[in-house]
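Down below are the structures I want you to see.
Next, two complexes with chain A in common: one pairs it with chain B, the other with chain C.
So, the complex of A and B:
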């Protein structure tokens, strides 16, 4: 590790001599995620794009695990990498016609996309570097990354869902010092979102279901054709 | 072990952790590769016996012990072919994706007490999430082979695995609910003691859920009768039609280690993990059931217990494979959507009700002793946990809630 890199990135500041595995893996996963994200844009085959996207999201999950946020990391694997990508591949491979399997991007689109992406990146970098951990004394104190102390736990998250918040009970009715509102659990918003998703699922099943002929011969024929196709 | 190396031997911290990481990775890899060797041999013998044959008899002695090794050498020597229209990069990478997913899932699976690659607070969730990624390698293989058989096989497998994740998840939620944690180590520790403590025998609903789990697990690792993805009568060999040599064997290793993994998960979730049917070590006074207080012998005993249970699970899968005929795709989907999912949902509700009606167990055989898992996870003493549920007097919830909030800080 060169010293200039170590100065640039406080996470690389080696702890007690030796190799700092945390910093090393942070850099590794971050580089993987970024490079593969770029590869998604530059690839011209749809399935390869999906493959790079899966790897990029997987590297992001690695970053979450590294930060001790195992629940979020597993969530990332489950939802983004597992669910979305399998569905994307289904959609892509079942619907892709010849002209869309290989996508050649015109140069003017690339320039436009580069401008938009670059602007967004500039805003994000500015926002990230203005955080307190990246400037001043926190960076010198052995890294700006908060390592989880002891056994990380998803228990407070689950408890907060049913109304037992770490920062105070719902049952006690005390008000939060920040906004003066009574604290609530996350159960109601969670349920609203899940009912919403259920409606979407039912709608999708309704749109995609096979149209049955009314005049077909009886129950037996219905059963034989009504299954999965 | 880390403390021992750092403090007694005097190795620097980073070197110790690297060594330990490499050590666990090597152990898991050996388990996967060695397990595949043994299981392929066992599969040959089991299938032969079921079909009234002898199976391999000559290679390496009277029982054909070395048959898998000979197979492996043959595979090494095979030519590595790639179809002309194939997507080269994806074709080459696909077997490793499957294998890595299987390998990564093993990291979260505890083998005995604290013998676990990485103890995760959300262990079950992690294992299931990573195991679901295995299908991605199969889809890639099917697409990249530029073969209709491969593509059909991959599509079938993807549809099947994605559907069966739903009832599988529901089955897994039941022991998680009973234990009150997703930590696999704690779940197994809570089943310490006699075999009546196993979640399989917790109530009638968990007993049924276990068999639903077995069905879904067999389906999710694509074993017969759910092996439509490689139905040789219609699809030649399904998604791995175009593979040969070492790449093909990587798919096979991934399949066998996934079988072992879901069996191990069943053992931890339902069959008491590394706790034997009779708590010999505890009766002899060698252990009180926790990882911190056990000697090497007790740990080895626990390891043998878990590996034995998982191997038994794999053998049962072989038995099923050579007994039942292959299902059609519509039958596969019917089994999942019309039977497994509703049964799992009803059993989940049933187990929940059971826990509510009989909080201390049916016979209330509570001698006041608490199982090791509950001592560790202090928050389990709250509402729904053991100590409040067992006491007869109605407990005001507010102090317990405050205690939870306190502990979880």
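So, the complex of A and C:
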């Protein structure tokens, strides 16, 4: 059965003739992510859009795991799916009055946006296929390459965030820390991002605070003065 | 190159990123619900993240070293953090707009129109 699947989609064929599980899970997660992203666009109901978005971001986290970036994948699951989407769904629930659950867009606008989006997609895919630098691909060895070749990435990421780069053979390859080239870590961006996050959360809480009592008091005062006149 | 016969490489991830990016752009343009526009922004950032991770991946180019190395994963982490911050502020603005105008339709946000 696995050989017939491999004949149908040659990306799944491993060198040994078995099913290439790396390719299989890549296809699964990629199809899930793309189809659910399209479903976000096509859905009219905002609650369903939020649900499709959760699933699409989760499938993207699966893609990150397959690419050997398991720490980023875990952060994607925790921060995006666990944090940002919960925030979004709270927003949906707070504003989901009956007329706003599904706001229809005119068909003319949809067609126009589809045309422009299709053109953009054509340009991007053409660029993605034409770069010689990234056309090399993984894995003559077939299935287990992603798990075998990658070592856990959490330690180098954490060291880079406190300013120390422990990864010897990055990017330009031959430049190692010994030849006088000091590759800086990410201590300063990390601090900037953390302060930024603090300021943003304080600002968001300030913006979203309830002002209902004051405004209703103002309307009441207007009504009372109107009544007195 | 033939996408369906080559083993999974950077180009495959770039195509997934392009599709996510385009759907995000279309979502931002088409939706009239402010929260729908916000979801489009999340999709765009996510597509960019797929590209960063693909370029920084240690396994997708076989024997060759990755193009971005660890930088790609760190950029993806920063993008995730900034997207969380952006979502918080945008939701606060949306709630404020909803409190003031009793709607989340972005076409009704024309107070500044001359």
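Basically, the second predicted complex is superposed on the first by the 155 of 229 C-alpha atoms of A that agree within 3 Å, B and C clash if a C-alpha of one lies under 4 Å from a C-alpha of the other, contacts with A are read in each partner's own complex, and residues count from 1 in each chain.
Convention: a residue touches a chain if its C-beta (ideal position, glycine included) is under 8 Å from a C-beta of that chain, and two chains touch if they have at least 3 such contacts.
None of these values were measured; they are calculated from a predicted model.
Enquirer: Contacts for A:71 in the overlay, against chain B (first) and chain C (second): which applies, first, second, both or neither?
Expert: So A:71 meets both chain B and chain C here.
Enquirer: Let me test your reading of the model: by the given contact rule, A:81 touches which partner, first (chain B), second (chain C), both or neither?
Expert: first
Enquirer: Comparing chain C with chain B, which touches more residues belonging to chain A?
Expert: C
Enquirer: Examine A:60 and indicate which partner it touches, taking first as chain B and second as chain C; both and neither are also allowed.
Expert: Only chain C; A:60 stays clear of chain B.
Enquirer: Using the superposition on chain A described above, determine whether A:32 touches chain B (first), chain C (second), both, or neither.
Expert: The answer is neither, since A:32 touches no partner chain.
Enquirer: What part of chain A is shared between its chain B contacts and its chain C contacts?
Expert: The overlap between the chain B and chain C interfaces on chain A comprises residues 20, 71, 75, 90, 153, 156, 165, 169, 171.
Enquirer: Where on chain C does chain A make contact in their complex?
Expert: 1, 3-27, 29-33, 35-36, 38-40, 42-43, 46, 49-50, 53-62, 64-74, 76-78, 80-89, 91-96, 98-99, 103-105
Enquirer: For a test of understanding, state which residues of chain B touch chain A in their complex under the given definition.
Expert: Answer in residue numbers: 12-15, 17-18, 87, 89-90, 93, 119-122, 125-126, 128-130, 132-133, 135-136, 139-140, 143-144, 151, 155, 158-159, 162, 181-182, 329-330, 333-334, 379, 397-398, 401-402, 404-405, 408-409.
Enquirer: What residues on chain A touch chain C, complex-wise?
Expert: 9-11, 20, 22-23, 26, 30, 33-34, 37-38, 40-41, 46, 49-50, 53, 56-57, 60, 63-64, 66-69, 71-72, 75-76, 79-80, 83-84, 87-88, 90-92, 94-95, 100, 103-105, 109-110, 113-114, 116-118, 120-121, 124-125, 127-129, 131, 133-140, 142, 145-146, 149-150, 153, 156-157, 160-161, 165, 167, 169-171, 173, 186, 189, 193, 196-197, 200-201, 203-208, 210-212, 215
Enquirer: Which part of chain A faces chain B closely enough to touch in the complex?
Expert: 15-21, 45, 47-48, 51, 54, 58, 70-71, 73-75, 77-78, 81-82, 85-86, 89-90, 93, 151-156, 159, 164-166, 168-169, 171-172, 227-228
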